[in-house]
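Take a look at the structure set out below.
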Amino acid sequence: MAHDHHHDHDHEHGSELSDMQLRTRALETILIEKGYIDPAAIDELIETYEKKIGPRNGAQVVAKSWVDPQFRKWLFEDGTAAIGSLGFGGRSGNHLVALENTPSVHNMVVCTLCSCYPWAVLGLPPLWYKSAPYRSRTVADPRGVLADFGIALPKDTEIRVWDSTAELRYLVVPMRPAGTEGWSEEKLAELVTRDSMIGTGVAKSPKELT
Amino acid sequence: MNGGQDLGGMHGFGPVEPEPNEPVFHAEWEKRAFALTLAMARPGGWNIDMGRFARENRPAGEYLAMSYYQVWFAALESMMKERDLVAEDEIAAGHSLHTPKKVERVLSPADVLKVLHRGGPTERETNTKPAFKPGDRVRAKTINPPTHTRLPRYVRGRIGEIERVIGCHVFPDTNSLGAGENPQWLYTVRFDGRELWGPQGDPTATVSVDAWEPYLVPA
Amino acid sequence: MSDHHDHHHDHDHSELSETQLRVRALETVLTEKGYVDPAALDLLIETYETKVGPRNGARVVARAWADADYRARLLKDATPAIAELGYAGRQGEHIVALENTAAQHNMVVCTLCSCYPWPVLGLPPVWYKSAPYRSRAVSDPRGVLKDFGVTLPNDTKIRVWDSTAEIRYLVIPMRPKGTEGWSEDKLAALVTRDSMIGTGLAKQP
Amino acid sequence: MNGAADMGGMHGFGPVVPEDNEPVFHAGWEGHSFALNMATGVAGVWNLDAFRFKRESLPPAEYLNLSYYGLWTRTLELMMLEYGMATPAEIAAGHAIAPFEKAPQPVTAAQCANMVRCGSPYNRPAPAPALFKVGDKVRAKNMHPTYHTRLPRYARGHIGEVVRIVGCHVFPDSNSQNLGEDPHWLYTVRFDGRDLWGEGSDPTVRVCIEAWEPYLETP
């Protein structure tokens, strides 16, 4: 069964790629010929999300919240404003809510209906976030999904899943790892992984920094 | 399981398109896939509920993209592979490559009509009493087992009325897992269209499902 | 949208030939291993292609129209009443007959798979097993009836039966007017398959 | 609508498979599919909710078998057809076919950069006070509209607690049908996992959704 599935996937992926390549190019050509879009706008958008906006933004937010109690308080009271003060916001980040992970509560974010994700602080979502397995199972079996990521939480930790059904976007603030006392924001930000800000991971420990 | 097979109330599939003068089978291979499935049940040692679970137990996109007998055939293949009756290399070669397993009984042409006539009755003797009687209001439980169940998603959590006590029948939820027939009382439960679908429901329509006692609680 | 449909059909066709090859390969393997007897397969196919079909159900309905005692027996306990006519067995072990009246119209579906009363109706048509029927029959039965060109009065109650267990349902359509004194054989010719599923009505004389 | 997009609680899709060092786009065309969708969004011919509705209206088998950006490209094709930006012949040819009217003003890189920076806020002035307050128990209505809605099936009919009043936001159910923004109060509602999935499920799980006031009722 598993073997068959893989076979199918390869098959579809391979044939779909060239098909979609052609169809996407066709649309782009039409839109440019008809004057709806300036080709430079397409290049600008691709470059922005490939190079400029990504999880390093979110990591800065988290690191600051670890060292600056006032910022942390503000972040949980008004995520949009606090995050905006670092220069992040806009598209898929107009209404940001920060969620605090603690030893007793672990937060996880999903969009069961499509693929809502806080682009402004995390960039574009990875494939797994948009996949049927993640979208179907996270609300019903979050511990099982965490196990797919190699994460096992204590049995009595409350797990809060946030299904992004509206235009609110969630940023999980992971727990600060032990042994990082006195670290700079820049160094702390290196511990903050993308997955730890979705809730499918935890921040790296100092040992994991190479 | 909440899979591609649980279609009640889904949108987006378009109109029903009846085919004029539809043949019983649409291709020669469909006939063979049908007959093989019926003929292998006994030697294969599976029951109807295991067969249904094997059909639905796949990604919804795969289930929905397959034709009807493609689903049957895929389930037949997977059940035979699970039981080491046939291996993938044999299907690829189109010939037997490994020693056959001993099986219970091969269906002979002489037995075909007898077997079809006997069918597979699912009613069982019991000394228990049914918990509900006609007219009782019941709520279908909220359950979401990842394994086979015959309680469709669209009735879960909804309130209906017991219309008929059918008898004590084999329970698919356990039978499909090889965990025993575990017979349970079976009822016809009638639901109002608006109870199921809310304001979008047709006030003149009701829907009845057959539901085993473990699916129901008093409302 | 139409190009999408074409696309899918093409896709299905290429899968068909692949499935065809796999089915043949599997049948060869099973025959060589002695798990199946090819003559039994041929008999199974012949039975459902030529012997068991909606003519069986039509005879049951015609008898119910012509014989009040039989009708009463059929509606009380359909399995033995249908067996009187020689129809029984696989996928018809527990049959319930549903009476259509001017006040109430019955329709049968299996949202979870394809349950269908084989001994009286044969194997189900493709549309009965299709996603559009299985999804909409329970939530929009009038819309489905419209797909079949059937419009019922607004105050007719519609009862949908979702075959979730091993109970199989046979709809007894209303007897058309102007058929008084007709023989059972002549009546049976009015009984369509769809009228016994509830997606159609009996033919008019 | 109850379409393939509404995946919460479905079974059979297998494990989540994270990809090491995943690139932002897996092929050049994916970046272009993404950028085209963003840029046409800036053009303002349609709104985001209408786009989502079109995407989830694809036949479920097609939706489930397309890759993520494949779905975006397919939806963009359908939107361009519906809103008269291209003809089927043009999409097949991959070129504009004369005669056509040239758009007065193309979407520029500067406009796109501005959209990325500013986004598009969804909060609006409130036409009336909020009906619910934090701590209120609310029931998600049992509704099954055939049009776009953001109330997932798994939450319908279940009771939760208001944990936040988000504000007054554009209502997708109306906006997706081009019936206006019709803003309504938006709440974060928290459900106990056992209420959603049944008695045997994980007691430590809570699920929060955002729900507009018309989705909710007092239990």
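We call the chains A, B, C and D, going by the order they appear; numbering starts again at 1 in every chain.
The definition used in the following text is that a residue touches a chain if its C-beta (ideal position, glycine included) is under 8 Å from a C-beta of that chain, and two chains touch if they have at least 3 such contacts.
Everything numeric in this text was worked out from a predicted model, so none of it was measured.
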Least hop count linking chain A to chain C through chains in contact
2
If you take the mean of the Cα atoms for each chain, which one ends up farthest from chain A?
C
Check: interface with higher C-beta contact count, A-B vs A-D, is A-D
Could you put a whole-Å number on the gap between the CA centroids of chain A and chain B?
40
Could you tell me the distance, in whole angstrom, between the mean C-alpha positions of chain B and chain C?
16
What whole-number Å value describes the gap between the mean CA coordinates of chain B and chain D?
34
Check: chain D positions touching at least 2 other chains come out as 9-11, 13-14, 56, 59-61, 64-65, 144, 196-197, 201
Check: chain B positions touching at least 2 other chains come out as 2, 9-11, 13-14, 56, 58-61, 64-65, 144, 196-197, 200-201
Which chain C residues sit where two or more other chains touch them?
131, 139
Which chain B residues qualify as touching chain C in the complex?
5-11, 13-19, 22, 24-29, 31-36, 38-40, 43-44, 48, 52, 55-56, 64-70, 73, 76-77, 80, 85-86, 90-96, 100, 103, 106-109, 111-113, 115-123, 150-152, 154, 166-167, 169-170, 172, 186, 188, 190, 196-197, 200-202, 204-212
Which of the residues in chain B end up touching chain D in this complex?
1-4, 9-14, 56-61, 63-65, 141-144, 146, 153, 157-158, 195-201
Touching residues (chain side chain A, partner chain D) in the complex:
5, 12-13, 16-17, 20-38, 40-46, 48-50, 53-54, 89-95, 112-115, 120, 123-124, 126-128, 130-143, 145, 148-149, 155-168, 195, 200
Looking at the complex, which residues from chain A come into contact with chain B?
1, 3-5, 8, 132, 136, 140
In the complex, the residues of chain D that touch chain A are 5-11, 13-19, 22, 24-29, 31-36, 38-40, 42-43, 52, 55-56, 64-70, 73-74, 76-77, 80, 85-86, 90-91, 93-96, 100-109, 111-113, 115-123, 150-152, 154, 166-167, 169-170, 172, 186, 188, 190, 193, 196-197, 201-202, 204-212
